[in-house]
């Protein structure tokens, strides 16, 4: 069984590589390369996989899930500038893809002890664009 | 090919075990344990798997799907108190997880004769929390 | 200028009058009269009217609004059975209309001292039905 | 990693077979068989599968995806009558299922050269009915 | 107090005047002028104004509202081609504006006897475009 | 008649006054005061008031509306840092309230020549917080 918790956080980012020219950055990242940055209300869906406990009927304690998401995502990323305040985005371009990988990297070990393991993270940059990552 | 039909129903529930103390129930279920119950507008997505019929171009007759959902979910559960009126929730805690399993158990045999088989049920308790079940 | 804050809470209710027969209750309230109750994820939009403060640029401090909504709506109503636990719904039928009036009655005095006054409450029972109340 | 782009287009269609009687068409397709046609705001989610490029951090250039969707879906189908203007729906019934297959058929080869391959198309006829197709 | 009921219907339309050239129609209506027509999932919000009845707590009987909307909007317009099947759109261009006026014209007299009067109709052609009409 | 066009744009902002201490800024603006800024997918609803033209059936030419919104809002604000790139937010705190006023100030004169006048702007910072401004 899969259980998904959805949260939202607001952050700024810029997609550009310092080793590229302005023209190269614009060609690849378009408006996302604009140097002062811009922001999004990111929507994150975190999917856990497990079996409902026969006694409680719950796959996982949602209070625990909430605490992990607060510590690993909301506290460090909400109302932040990703490139300037959230490693590794001081050196990794914070595309939606890379941000999903980083969130996966942070969350995965937190659910390894069970009772449910991290199955997937889905990250919406806007309602018309989202990525889904299941590790590899 | 997967075809999904989405419906909504309103029901009450309480998550608590009669063999536990008040403190134990609160520790595990939080506000969901409140004894008088509370309710949700549950959203259910029922996914069927099949091939489009070469003549009709349809995986399944949607009128049949609607009739099954009406009989197995809406009629018995909509505007009901799950614990008090919908077995097995007189003895099984109606967590979102257990409710999804019960809906699967009711729907699965209804689609066994084809033309499309039940692939998954996804149940939203709120827009920020949902479970998905594919049997086992 | 109008500023609106949207919150969600889950509650049970029953629409029936004890002085009426079962048939009368069903004729007027339909499924909403079912005696065990059912529930909704109510969505509440609270609209305040005021001018942006020339120094802060804010109509109202959102932390204050949040605190009021928590005290007057979420704490007493979320995860509750309206008829059994939230006066005056022990004697007033908790239709969406009456619930909106009661929320207005609770919130109005809390914003009377300013800086913004309560302009309207909009209450969604489902995404297809809502009422809006501005006092009288 | 999966990346999904969502677009919307408005089109008319009729679901009926010319070799069937009016009664047969109504029995199978219901109101969808009404001969003058009706329309929908179709929502299409196109899912691509690939790895983020280690240099750009992108699975695919979204400008390329947008161009393909414009050429293969929006330009030929938006503000069109599917049966009368969009082959093969002059001879194939434009059910949601068949429309998803046709969109898959058009998009698949456009992404074969990489860097990301077409994984699935999800097509919503309304917010309560959608199909998902991954080829075969 | 305002009470709003939201419904959805699917219809085709074409925005063009027969007394204009193709070029004139394109210049004014753009893609909406395409002669074969296209369609939308129209969303209609019907707002009624009244006072909650002191006995029932209801502004209006929702079963009556549903019946009126079924007769005046859904039955004649759903799954229809507005220009070809729904007068006066055989001679009036079915812009969103004109369609809202026509729906107002049909609904207004149905609520004149009370207990609640028609206050406004809001009609969404897409989620990004809507009109609101209150008569005049 | 009111006609509303909805658009979305992504921008960064910081709510803080340079003449205040860090503590004062935090006390008033909370997380919004974080100095590196953060961002939102702002949703803007622009409402125009007019009468449908008896010949075209249109309140306004939507192509004109789109062009104005592109020039006055999307081009200068989308993918921008409001404080650093969009006057007057180099000296005015870009609260949602002040941003709505600025958008009103930019749009109002563009619709003064008719055929429809600007009636209101509604600006969503998140789906749970929005302001509405009608000038004064």
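Each chain carries a letter (A, B, C, D, E and F) given by its place in the written order, and its residues are counted from 1.
Rule of thumb we're sticking to: a residue touches a chain if its C-beta (ideal position, glycine included) is under 8 Å from a C-beta of that chain, and two chains touch if they have at least 3 such contacts.
Computed from a predicted model, the values in this text were never measured in an experiment.
For the pair subunit C and subunit E, chains touching both partners: F. Averaging Cα coordinates per chain places subunit D and subunit F 34 Å apart. Averaged C-alpha coordinates give centres for subunit A and subunit D that are 29 Å from one another.
Those residues of subunit F in touch with two or more other chains do not exist in this structure.
Contact annotation for chain pairs lists A-B, A-D, A-F, B-C, B-D, C-E, C-F, D-E, E-F, with touch applied as defined. Across the interface of their complex, subunit E is touched by residues 8, 10-13, 31-32, 34, 36-41, 78-81, 84-85, 126 of subunit D.
Taken in their complex, subunit D has these residues touching subunit A: 1-7, 52, 55-59, 61-63. Interface residues of subunit C, counted against subunit E in their complex, comprise 15, 17, 28-30, 92-98, 100-101, 127-133.
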